[in-house]
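Take a look at the structure set out below.
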């Protein structure tokens, strides 16, 4: 991949969205805006696909370093791309393309949210560039800056709505984000003090069971848990994801939460792998398990549709956190390799697609329905059959029923759990699946039940007809989740580049 | 902690739920103890990257090590940092009236003597000093951020007196806000073409390029910080108020 | 990618594509949707046909796609999968047609048909799955796709039903997933290998395998509706008819059963599973479910819920078949998969028709439905009889093989289960059939649709008829080349490979001698269906038995017994037919009478003619069941109660016979040790004893005969009773083995019947009851002689002709006596012909008693010298004449009294008198030359001995002496022991009631507890979540920080 | 106990106070101030690390602190803006309700 | 205990107390003022530790801009602003319309 490292592909992935943001900011609000953003997203997608193919073409499955400014590791900053990060970048590229298409019509003049589009587009592109930068950065402080970009732009996007609930949710999200980043910064300071370098690879080489490394790991864990919204610290996620506009909540649930998870995995397994203790990983697993149960329970009791989906994100994150205790056993030394990591990677990809599809479908349903109340969804299957189908397919993937990607992920997780002899995680996963089924079918049973009052008199005020672009985007995402359910090999090949990689 | 964000003005300093009080005191204390033990126990890497930087300082085109690190060794960080600033400015900017002029002078009925005197004396001095700081950044402590901050301070001073009205959503303002990021990116990508990898300054021009980036950065930072401040200003008596006020919506 | 890899994939994809296409078609385009559906169904059937032909001539079809690191997505067309695929493909076509008719104009049909074809696609995928993972994928897909079908109506009931369905299947799916994953971890890729995968793999510890087996069976048990997991099935009846038809006959329930078959055979392998002790567990559960399902079905009034519970029990047959680790039982289980599908789908189609056209949902509303919808109800009756296990229809075949398989595996309790469940099936299906056909329409139909040319829309009518026909054809042509039976035999032979026995011995071949004889009656039967031809057909009925009569007389036939019985039956049927012409001339319900008259005739003649066990029992059942309406003909109260007792005893005898014959065929084909033959013969004796009026089993006879119209009762006592005797002769090992423990009771019962019946009969006041009791006593003699034959086998050569002769004599005598009862009006004194008529009465009576020169004496003489080796027997024979004399005296007394009372009809009804005269002539011994080479003359002379005369005189003397005494005595009720049995029946009913409401209040208690639990958990979770809404996130964060510190630093 | 070590400890103390403040403070403004105090704490720790060796001063932490300060300002500005907008909506809803 | 050490100790102690006061003092205004002082002292501390660039930045941004922003925000949420409120109210109504229920 030498021509890749010297060529402009990698930095372009970060700079293209920045340029898109600048242009969107400058041209302000006019008809062209939607179309320009769509072609930017297309360009971004092609770029990402090109990089992935080049990376895969290499077959060396080695991580690629891209030295910025020619200064080399300790002094300058490097970009590093390995299996896991290229997968995440590809995922971001795909979701950007689809959700941009969705928001082009969502923020078009047809709907009331149109005059917010001036603020939406620049922030959106900055968020995307922050995500891409994060997945590629190999420098601790650079990760801090990317986390900040993502945190601030996400909070701003949540606040886009302008309603009191949205503003409050955004403020809470922002404060939590800042607190988490400060903890992370403090940990970097400690690491810099004891290792003298900011480059993750070099820290990994000199990391040992020493006292400061342990404290740094603790601070990073607590900071990032706050940003990932694992079970006890999840209080900010439901209001934030529920009150954000639909495309924003889709990208939030699907990717932004995963970004901090990516960093935690990187630190937990590669950089400060030496400091991990058995008790800690079991504790994370336990929190994950509790998260699954509690998240599903709250989802079941939720009355708003988007709150339900947000809580299901909390639950699904619990699944991924089972990775920590499982990989501890399966591979002996805790490195991000082996089937546990494959299961986690597959879960991340499956959840991203499914959750994005579900949020978009829910958005369409709410647009058609007028408000987000679940009780009012009675008999909507008659008016919006396709969206209900997308919602169902996404739900099926979240629960982990066969034809979907979620099933493969759940299968891998169960196999790892059984192989490593930790049968209690098997019970948690199974109960999680059942609880998931509870809240999904609560919605579906309402959608299917024909309430005579509703069917005869279509809702009085003519709610704007959901544009078919938005439905097709949701449908494409749902089909992707189904397609991922079949050829699992493709994703596993990419992600097991992670397993061969020794260092990062 | 964040669950109930109360904003009433006169709420007690500390919310009294005893449980959280005790727990957090305990842990804060514990955290302090732990960190102090680290600091005491570990000699750690006492010089950090200082020797490495001093070796490469000549290659960086500037003599002030901090500016070298900021704008040459870790230029990528600074770029992203400007992007952060841009994010916040975008989030706060009002969404209306792109057509109003960028800069307007308003006739004020009630003059605040002290303020106008202060403006007349200090503003020019601050601008000159900011220029010096920007220039000195290459070899002495100073640089884009400090100069930008100072200029922003001056602009805060100017707005206090409602004599000058800057509309941050006009095209001109938006271009200036975005200027530094654009310059930085273009230079960065251009260097890929010339030098093979991102942000590798050619030895001969690195000083010049850094200066160019610094000036644009100063301009953008000034405008950014000024717009941050202006979004909170509600001047009662001028027509601008309402649209400015509306800006808060 | 040649055909062999693509075909299975195409078969699965086609329905799914159709589903998606239909979902896309907008609601109003009915035609496009209809054509899409039907085209899809036909294409799939065509593909399945290609697959079938391919597999038959040895091609191997497999599609293999990479799915997971070392697991592939495999679709493999082997024999077992094809059985299920062809069933679902076929039934899908019919259910589609039915559904199109059913949903003519209702809302969101596109959605229904879309999910409908997706559901079939999932079922076909599940059938074709090549390994357990692919099976699991399609198993879960099936749940998802059937959910909207159940919730289709959208009203509260169907949503609740769908929810319960989901709860059950989701939990089932989760268990199955755990089991499959665990198994995959232990045993690597789980491809189905025909003789079991795990048997070969080394180093698997058994406790794990046992736990996994329990998990798998629990997961599959939900869909296969095994006992504790069947709750969802009855509730999901709220779904529309085509859905419940599809779910219960084809898709969901069969998927579960098919899964169990796959797991036991292709994953564990039968031997490995049985020595792990797993198959016994499954067998017990399946057995219990069979009984439980039927008991619950009894108490359901809603038709579809009753059918649902019957499905619960029927599907467990398949599980039972697989659980009894024997090749024949496997065949039984597999073939039941298909048969139950065909029968159950017919039942549901009919239920759907009833609901759709008449709005009838409850069984209590179904009275007289047969008249309103004859074709649907005919299909319903065929399917219901099939479910009970009445011979020619499909259900019998699978029960037959299950029975033989149970014997092969020495699991005798399974036979008990089969018996009890057939009994219960009968007890919940027969009342429905009775209500349909023999009850008048009590109240107007709830929601009747306008009457079309046919009874309902042709699309609703065609499917049930076709599937009913298939059910019948599959039963009849069971052993033909392409029947499901041969196909399952092929599968079982692949499963067992080495130890597969040769099953030709127990195959069901329906072959009867001189089949051409039955053509005429069947033609007449068909003609009866058309109203216009009815009058002419009635006149032709007497001709029907003539061909058989000619066959008996003219065609030389080495089977002497058969020929003589044929002679007896056809002669009496001919006379009865003549007599009926006159007797029924002005009866308004004569059409129905004649219809069942012909049916019984076909059955009776068929029994006598049949040479195979299967055809014997088939015609036997036809005869017994079609005799029921003859008894019920007069619709009076006694007729109703007599008919019910009759049908109950018929069912009892059918079941006992089924067990006996199963035993017999098994031991004939594979039997090695002699010991078990005793219980086989015991069962046969009891089975035929009911029909032949053996002592304690005769109670239905005195009640049934008097109630039936004269020709019917004549036939009943003269001919149909003899079929029991024919059965004994054909199937008991009379010639070869001495079974003393059965012989003594047989003789004792025989003679007690002779004497007690005589005394009891003498006290009766109804002429026909007296005759009935005389039949009981005469049959007692025959039973005793059969007992004698059992005791001394070598005497059998002599005894056989004597018994046949005695039977024929009794047949003719009793028939003529019954005919004379009809002539009571003509016997009035004061008419110049009355003395001749009295002669008609006296001749058969005296020949019965056995006066010299009469056929009775001849028969008794023959019997006496055949049993000469045992003097006591002959003395008892002689004494029996006294009893008969008593009865005959009473009979003549009653006839005289009746003649006095009856109005003096001027004109003698010659069309009545002639047949009686004919039968009276038959009684005299000269006219018929028994087909046996028989020392004719010297026996007639020997009848002149004194020993033939004195018993008659004493009997008559007693009658005249006790006339005054008897006048004072109260008349004892007709069926003597019946009261005892009825009290017994009431007792068992009450206990069942007690058990029923015991488990209802247990159920109430449980869900009261559940609701408490739920409320409590809500409160707790409320508190918990209030606490956890984390208005104290700060503290929680600090606590977590402390925990992490601890975790890391220690 | 060189002075740099003293400043490092002070920095950590400020961090602890800030965290304690964030957890316990009731008003949003106080929480924002507490976050800034934590920021100052971390920056002091960083600068103290830069000066551990009296002879040479390591410029890297300085660059980190500079970037940190700008980001802190940005964060605070956004938080304050959100707070004011929430307050403004409450204010206007009270006006309407009155 | 050289003079410098005393100066450092004093500086650290004052920063510590200012840190505490800027969060937990009674009125918000007082908190903000203490925070600005803390910013300035921090600038002195950075100077003391040889980080002059940072000192200038801290003074300009940490104390200056942040202080200004805090005061401006505090000014906006103070209750006394009656006069300004009526004027705003009319505008508020117009803007209120736009914040109708959005998705």
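Letters are used for the chains, namely A, B, C, D and E, taken in the order the chains are written, and counting of residues starts over at 1 for each.
The criterion applied here is as follows: contacts are C-beta pairs under 8 Å (C-beta built on N, C-alpha and C of every residue); 3 or more make two chains touch, one makes a residue touch a chain.
The structure presented is a predicted model; accordingly, all values stated were derived computationally and were not measured.
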| item | value |
| --- | --- |
| Partner chains shared by subunit A and subunit C (touch criterion as defined above) | B, D |
| Remotest chain, subunit D as reference, centres from CA atoms | C |
| Distance-maximising chain from subunit A - centres being C-alpha averages | C |
| Central chain (by mean CA position) | A |
| A-B against B-E, pair bridged by the larger set of C-beta contacts | A-B |
| Where subunit B and subunit C are represented by their mean Cα positions, the distance between them in whole Å | 91 |
| Separation of subunit D from subunit E, taking each centre as the mean of its C-alpha atoms, in whole Å | 10 |
| Euclidean distance of C-alpha centroids - subunit A vs subunit D, Å | 28 |
| Junction residues of subunit D, two or more chains touched | 13, 15, 17-18, 22-25, 27-28, 30-32, 49-50, 57, 60-62, 66-67, 69-71, 73-75, 77-78, 80-81, 83-90 |
| Residue numbers of subunit A (touch at least two other chains) | 115-116, 141, 145, 148, 152, 155-156, 159, 162, 168, 171, 175, 192-193, 235 |
| Of all residues in subunit E, the ones touching two or more other chains | 23-24, 28, 51, 53-54, 57, 61, 65, 69, 73, 76-77, 88, 98-99 |
| Subunit C - residues contacting subunit D, complex | 1034-1035, 1037-1038 |
| Subunit E to subunit B touching residues, read off their complex | 23-26, 28, 51-57, 60-61, 64-65, 68-69, 72-73, 75-79, 83-84, 87-88, 91, 94-95, 98-99 |
| Of all residues in subunit A, those that touch subunit C in their complex | 214, 217-218, 221-222, 225-226, 232-233, 235, 275, 277, 279-280, 283, 287, 294, 297-298, 301, 379, 381-382, 385, 389, 392, 396, 401-403, 407-408, 410-412, 414-415, 418-419, 426, 430, 433-434, 437, 441, 444-445, 448-450, 455, 486-489, 492 |
| Interface residues, subunit A side, partner subunit D - complex | 141, 145, 148, 152, 155-156, 159, 164, 167-168, 170-171, 174-175, 178-179, 182, 185-186, 188-189, 192-193, 198 |
| For the subunit C and subunit B complex, residues of the former touching the latter | 1029-1035, 1037-1039, 1041-1042, 1045 |
